[in-house]
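Some structures are shown below for you to check.
Across the two complexes that follow, chain A remains constant while its partner is chain B and subsequently chain C.
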Partner chain A sequence: MANKLIGQNYTTPDLVAKVTGKAKYAEDYRVDGMLFCKLLTSPMPHARVKRLDTSKALAMPGVKAILTADDMPGAAAGATLGENVQSTAQAERGLTNEPLYQGEPILAIAATSELEAAEAVEAIDIEFEALPFVVDPIEALRPGSANARTQGNVWVRPPAPAGGRGASGDAARGRGAAPPSPPPPQVTVWKWTEADFANAKEGELPLGKFSDEWSFGNVDDGLKKADLVLDETFMTQSTGHQPLETRTAMAYWQNGKCYLHGSTQSTVQTVASFARWAGIQPNQVVMISEYTGGGFGSKIPGSIFMAIPALLSKKANAPVMMRITREEEHFIGRARPGVIARVKAGFTKDGRITAIDMYAICDNGPYDAQGDARTAGTTISLAYQPQAMRWRGLTVLTNTPPKVSQRAPGGMQGVGIMEPILSKAARRLGIDQVEIRKINAPSGKAPFGPTLPNGKQAYVTSAFVKEALDKGRELFKWDEKKAAFSGKRQGTKARGIGVAVSPFAGGSIGFDALFIIKPDGRIQIQSGIGNLGTHSLFDVHRIVAEMLDVPWEQCDVVFGNTAKNLPWTCVSAGSQTAHAMTRAAHAASTSAIKKLQEIAAKSRGGNPEAYKVAGGKVSGPGGSMTFAQAAQKAIELGGTYDGHEVPEELNNFTKTSAKALAGQGLMGVAKDTYPRDGQSQSYVVGFAAVEVDTETGAVKVLDYTAIGDVGRILNPRGLKGQLFGGSMLGLGHAMTQRWAYDQHYGLALARRFHHNRPPTILDAPTNFIGDAVDLADPETPTGIRGVGEPPVGAAYGAIMNAIADAIGDDAFKRSPVTADILLTSLENGGKRTHETLTAHI
Partner chain B sequence: MAVIRDVIAAFELFQPATVDDAVRLLDQHGADALVLAGGLDSMDWLKDRLKRPRYVVDLSQIKELRGVRDVVGGLEIGAMTPLTEVVRHPLVKDRFGLLMQAAELVASPQIRNQGTIGGNVSQDTRCWYYRGGWNCYRAGGNTCYADTPTAINREHAIFDADRCVAVSPSDTAPALVALDAQMIIRNSRGERVVPAEEYFVGPGIDITRMNTLRPGDLLTAIRIPATWAGAQFYFEKVRDRQVWDFPLVNIASAIKPDGGNIGSMRLVVGAVSCVPRRLKDVETAVAGKPRNEETAKMAGEMAIQGAQPLRYNGYKLPLMRNLVKRAIRGSEGGSWTS
Partner chain C sequence: MEDNKMSEETPQSASRRNFIKGVIAAGAVASSSAYLFRSTTLHGQPSAAGAVERLITLNVNGQDRRIDVMPQDTLAMTLRYKLGLTGTKLGCDRAECGACTVLVDDVPRYSCSVLAHTVRGRKITTIEGLADATTGKLHPVQQGVIDEQGFQCAFCMPGFVMATVGYLKTNPNPTRQELAHGISGNLCRCQDYDKILTAMMRGADNARKG
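So, the complex of A and B:
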């Protein structure tokens, strides 16, 4: 594959609309007769609706319909709830009569104006029975403590069928020989004992009974032979996703179909999940989403609350717009689960990790089990290649907003938990921080995660982490900075530097691509990718132009509306898109090239193989044909050439779309069936320099460098954007972003943007460098992997390491590392004063 | 009845063009009227439906309330002057750099464009229990939810709690107290002038208000006398992030040197109590002393005497102590030279 387009900067076709405000998001649509709806949400963390009288509200002027939990379909088991998480029968339903968190929607009212709808909500006569609640995961494990759900306080997976033990979700994803699916988890009552709590020292995670476990190698031997063993507890915080576009949705019905305007991380995959949530058939759904104002994992795909305007619209027989406010978004907009972990790690005196024994608690919220604690473990096993590892964990229910994957789910937490330990070990052993990471870095087909039923671990497609560390060391000027100010003070300012290694999933396989070379010579590319703000929606299709050797300007990308016949596509999550959809584009381009060659041979004579596609033509022994001529000929030939016949292995979604488009030109359509040996993981290494004001505790990030090992560079500008954006999310977790809950009342105190303190542009590093090693992944024909997620953990870990370098390893054991934490530790001789085990403070 | 937030309830809007008209409307409607300046505080209350005034008197059309005027070496700043204008005004910069610095650290550029100086000093506390609609003392109830064993009170008071532990969130207020500003207040009975220090009201005096404004009152201007013009100023705000954040603690000071020593000083700390806390004892103690580490240390320790931390705000003691030290001896020594 050439590099006329791949690896080059360009301007995406949607950019002008985005920066000028012409782009239309769900909230920007207006339809004749459209009603507005408002939600009545739970004022309590856990309650049951005892009495509900809607008569007064219904009688109010302008009120058209009220939707309650009774109108909602049953829990939609099997729906995708983010990366690798499937809903169970205990999943949420959009509206409920037993709210499990403050802010959970109970009913929705449609009226001719938003004000009327709001006033009608106030006129609802509702009485709640308060139920026991808990907002802190450790508290939920104390003997006699309240349970977040009436059924219990933890998700427990029943024993797997024979041979299925240890089938991690991570390992199951994308492997040729995936282990059998484990049975679905169940909510159970599960408490630790007083003795468990008594056995833990202050600030240490008690090691009570656990429900989940995996391992490889012999951890006890590894710890025994270690020259240095560290035992540390660390708490990562829960944070809301905070996309700038809240999950506003508008729906109307026409000719038996529901037209839904919404915000989503996948245009095509929202159809099935929305249909399940709304209790309708997928073929009744037309999903329209040209622009999405960010998702970060909270809109995979779409949102369950899309069902509310859809069903209200049906009930009121009018279009319904549901605008979600920032405060509502705080509650229903999803969140990253905090993970509290205790890690015992053994090191040889030359820095090699002999064993890691990890125990992790996931603050799961009230609904389906999230994999963050487990993924934190597999991420650690990949990033630092311990010779042996055991992971144990518990997924604890709390009456806090529902959690789902947030950009690098579990991966970010794993890096944040392990990096300070690695830094401390390096300091104790007198090893350079970059060196100790190189000593333990994954390389080539690096193994990770549990021992699988076949006796082996899963492994990655490739890893060039050492190369990334070397490149970053140079660009960041690590050695210079280390000599100049690492751990040194001038006056009241202490400076420190830190480095961190962060892997995360970098691509899936098996999706379809679809395009048509039209009789006017233009190439119409169909895209089912959600437009959530990255460049990948357009980037991946440049493979088509590259392979067909046509200018990008000759291509039109059709996207954002499932009525426009889109192919089956991955969700834009798990950093899949760049990898998965360039593979699919490669396959479809290959199929189109073959068709072009055959058409040329049929028209001009000779062997198809003798014809070459270049310069917008197909040329060979019998002369050449323009794409326009070939497209015309394809229509005449029909069959596979113009899409009347398509490959059997295509997804039905693609088949339906191809059928609708057949006969319009030469169709390039294929499923990605390329082999892949290993799982695609991407890596980012982060380098941070910080300055801590020892009189105020304020931290400033002076320099930050992110180096990706993310395969071949697809779009340099997109790469840098992802590295910067992901780094800012990691910076936010390291320094500012958090929740606050009053445990006694179970209610949220930080409900708005400024309470939750996501970082701002003025918190950004003074100097930022983003680059990549630009080495092709050997297991994908395009060499490209994803970049979206690994930057998050890299910045999170590197910045915390730099703070520790500036003022000491023991100043903090939780994030975000805020001024109050640092200042009180400094007052206390550098020792932590803040509680490690209390969440949301 | 069910609760809903984030939708403004209906009200009758007045947009008077003169102060006289505004005062007349406020007199007429008394406690039923809400005064709307830049709206950064009021809109929150309205959106949350926690305040439901029947009438809103919007001051945005009153030209005489806006602008900075030279008044014999001092300044008079109209209450509706946007913070951005305060920051950019050459006379503010020349004479009262302290106020310029304070105003520039308020929130974000967008909020400074919309927010006014009158609104900034008169805003209500940001205690998240009170503003979250909890029925606390300040809201007319009989509990302080921010002062319980489980309360999250990292941003609350370390001084002068009296049933309520909320703090003054303003950045310009400490600067104005330090500059000995006067607040010009109009109502139907005429004009009164209140020293900035007395403008702010603690819970011991009135737990439902942050300042002396009563229904019918209108803050029209802030007058800064020439007294402290061109003094040596220090302002610092410590916050969690660098845009759109209230102070964890802020400090404003003005020093008139006497030879190499401190001649006289005004020193005010914000976000440690319900009102900007003027440290008169420290001011007296440092007079005549050199601006060195020793004086700074003495002042810092003295400043936090009597502080009573809550569960999560103990850090405010060393923070306030250190900021007082810096106000005395400066923070320049802390900068990296490399």
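So, the complex of A and C:
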């Protein structure tokens, strides 16, 4: 491929609309006769609706309809909710008669104004029966403790097929060696014994019975031969995703179709999930989402609550706008599962990791099982390449807001759990922090995760982590800072530096791309990618302009509305898009180039292969044709040329779209069927220098450097933005972000931004460097991998390591590392005094 | 307060309801035209003595706009639902995130926390009013965003741009540090603060160059 556009900065075509206020997010649409809806939400962490009388509310002026749990479709086990999303019988339904967390919606009222709807909510006659609840996952495992659901307190999978099972979250992302899909988990009662708790020392995670396990190599031997063995317990916190745009949605029905204006990360992939949630057919859905105000994993295929305005609208026979407030968003807006882990790690005296024995508890919230604890394990196995590893875990239910993937799900937690151990080992062994990470760094087709039924581990497409560490060491001026900063105190200020390695899945395969060269010579590119702010919506389509050798300004990208005939597209999540959709764009461009050559040969004579596509023309022995002429000719020829015939392997979604667009010009359409050996993983290494005020506990990040091994650079400014934004999310987890629950009443104490403390512009590092090694991934034709996730863990780990470097390895065993943790530890001779096993405090 | 002098002269002959209808543009499906948030009948609302005037004039983006507001209506809701100016975003509705920042007499204010009737007679500027109304030429700070591909999801962008425009009126030549402090009342959850600051500094530079 040429290099006129890829790796170059440009201005995305949606930016003027955004900067002038014309860009419309879900709450910016207005429809004639639009009603407003308000929710009645649970005041208790777990309850059953004993009595409900809506008659008084329904009789109030302006009230048009009331929707309750009885109006919602049932949760069917195994129903597909879009890519990678399968429901279970215990799944969420949008409204409920048995709320499982404070703030869970019970019913919704539509009225002519929001005030009337709110007044009607007050007039609802409802009585709850309080049920037992638990907000702390360890508490939920104590003998005789309450269960978060009436059915039990843990998700347990029935016995696995022999030979262990693959990482379920990773399975759909690639084929290193496809692991068998595990049987669906069930909710059961599962408690540890008094002896389990008694056997653990203070601050240590008890090693009670577990439900899930995988391993490779011989962990016992590895620990035996180690020169240094560390045994550490660490707690990572749950945090809300808190996108700045809440999950507001507006819906109306027209001619049997539901028009849904919603906030979603993915355009095409939201159709099936929304249809399932609303109990309607996908072909009844028109999903409109041109601009989304962030998601970070909380809106991957939209939000289940989109079903509420859709069904209320049907009931009231009028459009319904559901504005979600920030406080409601705190409860229903999804959260990252906290992971509590105990890790025993063995090191040789020269720093190589011989074995890791990990035991991890996932604080799952009340609904479907999340894979974060497991992914934390596979991430550790990749990032630090232990010679042997065993992972054991348990997914525990709590009456806290529903958990779902948050940017680097499980990966961030894994890095945060392991990095402080690696730093401590390096200090004990007298090895440089960058060196010990290079010694254990993944390289080439690095293996990771469990031993599969074929006796081998899955492996990655490529890894250039050592190169990234070298580049970062130089740009950050590690050696200089080590001499000047590391462990140095000046008055009340203690300074430290830290480095961390963070991998995460970097791309999926097998999706479609679709575009048309129009008779006016312009290229109309259909995009099913969501516009959630990553710029990948536009970035990936520059492949088309690059390969067809036309100016980017000659391309129009059609997006954000499933009535506009879009192709089958990956979810805009998990750093998949840049990889998956540049592959698809490459395939469709290749198909269009072939068609251009054939049309030129038919029109001008000679062999198709003798014609070259360049400069907006196709030229060869018989002369040349402009794209406009070729498009006109394609329409005359029909068949495959103008999209009347399309490749059989396309997804049906794409076929329907191609059919609607056939005959408009020369159609480039193809499925990504390129081979791939290994699973695509991206990597970021982070370097941090911090200053801790030992009198106030305030921490300032002075310098931060993030270096990506993310394949070829697609959009330099986009890359730097992702590196910085992801790093800030990691910084937030290391230093500020948390929520708090009253353990006695199960109620949220921190519900708003000023409680939850996401970082502000003043928390940002004083000096930031973001760059990448810019080495092509060998297993994808474009060389590009994703970048969104791995910066999060890198900053989380590097900043915590830097704080430990400043004030000692034993000062904290949980995050965020807040001022009170630092000050109490400093008072106590550098040893933590804080609680390690209670979540959400 | 100066506000007290601003009560409107409402012609008695004008039917309030007809007036409201007149304010509302005929709504096309899913248009961004003005939308009456609290519609027609006005249940249970006191119109007794002590209530503030409901029919008021706001000067928004250089135009006098006649609107009917409830005493509790915030400026943000009024702009978004009565004037169709949806560029002003609601991120928290409680003065925590700054997404709703507008200028009131050139001073950045959280419009979620300003009651509409308190800004009668003031000069209100929203993101829609920054570009030149006749030529469409972007404001220098808006141009800074374009020059640097600032922001990601951009839900926070109108607030950041308005806060920056307001700050630059008091300090046209800030350092990065000063500008960061000046706009620290705005939250970005994509957290692309580095690029935001670069874009805003570019905007300040554009403004100085004219």
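Please note the rule applied: the second predicted complex is superposed on the first by the 817 of 841 C-alpha atoms of A that agree within 3 Å, B and C clash if a C-alpha of one lies under 4 Å from a C-alpha of the other, contacts with A are read in each partner's own complex, and residues count from 1 in each chain.
By definition in this document, a contact is a pair of C-beta atoms (placed from the backbone, for glycine too) under 8 Å apart; a residue touches a chain by one contact, two chains touch by 3 or more.
Since we're looking at a predicted model, the values are computed, not measured.
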Partner chain in contact with A:325 - chain B first, chain C second, else both or neither: both
Chain B versus chain C as contact partner of A:31, first or second or both or neither: second
Touching partner for A:114 - first (chain B), second (chain C), both, neither: both
Which superposed partner A:43 touches (first chain B, second chain C, both, neither): first
Partner chain(s) touched by A:841 [first = chain B, second = chain C, both, neither]: first
First (chain B), second (chain C), both or neither touched by A:760: both
Which of chain B and chain C A:23 touches, first, second, both or neither: second
Partner chain in contact with A:698 - chain B first, chain C second, else both or neither: first
Residues on chain A lying within both footprints (that of chain B and that of chain C): 114-115, 325-326, 753-754, 759-762
Footprint of chain B on chain A - complex, ascending: 38-41, 43, 114-115, 118-119, 121-126, 325-328, 484-485, 490-493, 495, 691, 693, 695-698, 735-736, 740-745, 747, 749-751, 753-755, 757, 759-763, 818-821, 823-824, 826-827, 840-841
Sites on chain C touched by chain A in the complex: 27, 29-33, 35, 37-41, 43, 80, 84-94, 96-97, 99, 126-128, 130-131, 138, 142, 145-146, 148-149, 151-158, 161, 180-181, 183-184, 186-197
Residue numbers on chain B that touch chain A, as the complex places them: 1-7, 9-10, 108, 128-129, 132, 145, 148-152, 154, 236, 238, 240-246, 248, 312-315, 318-319, 322-323, 325-326, 331, 333-338
Residue ranges of chain A touching chain C (in the complex, touch as defined): 9-12, 15-16, 18-25, 27-32, 34, 36, 61-62, 112-116, 242-245, 259, 261, 288, 291-294, 296, 325-326, 532-535, 717-718, 720-721, 724-725, 728-729, 732, 752-754, 758-762, 764, 768, 770
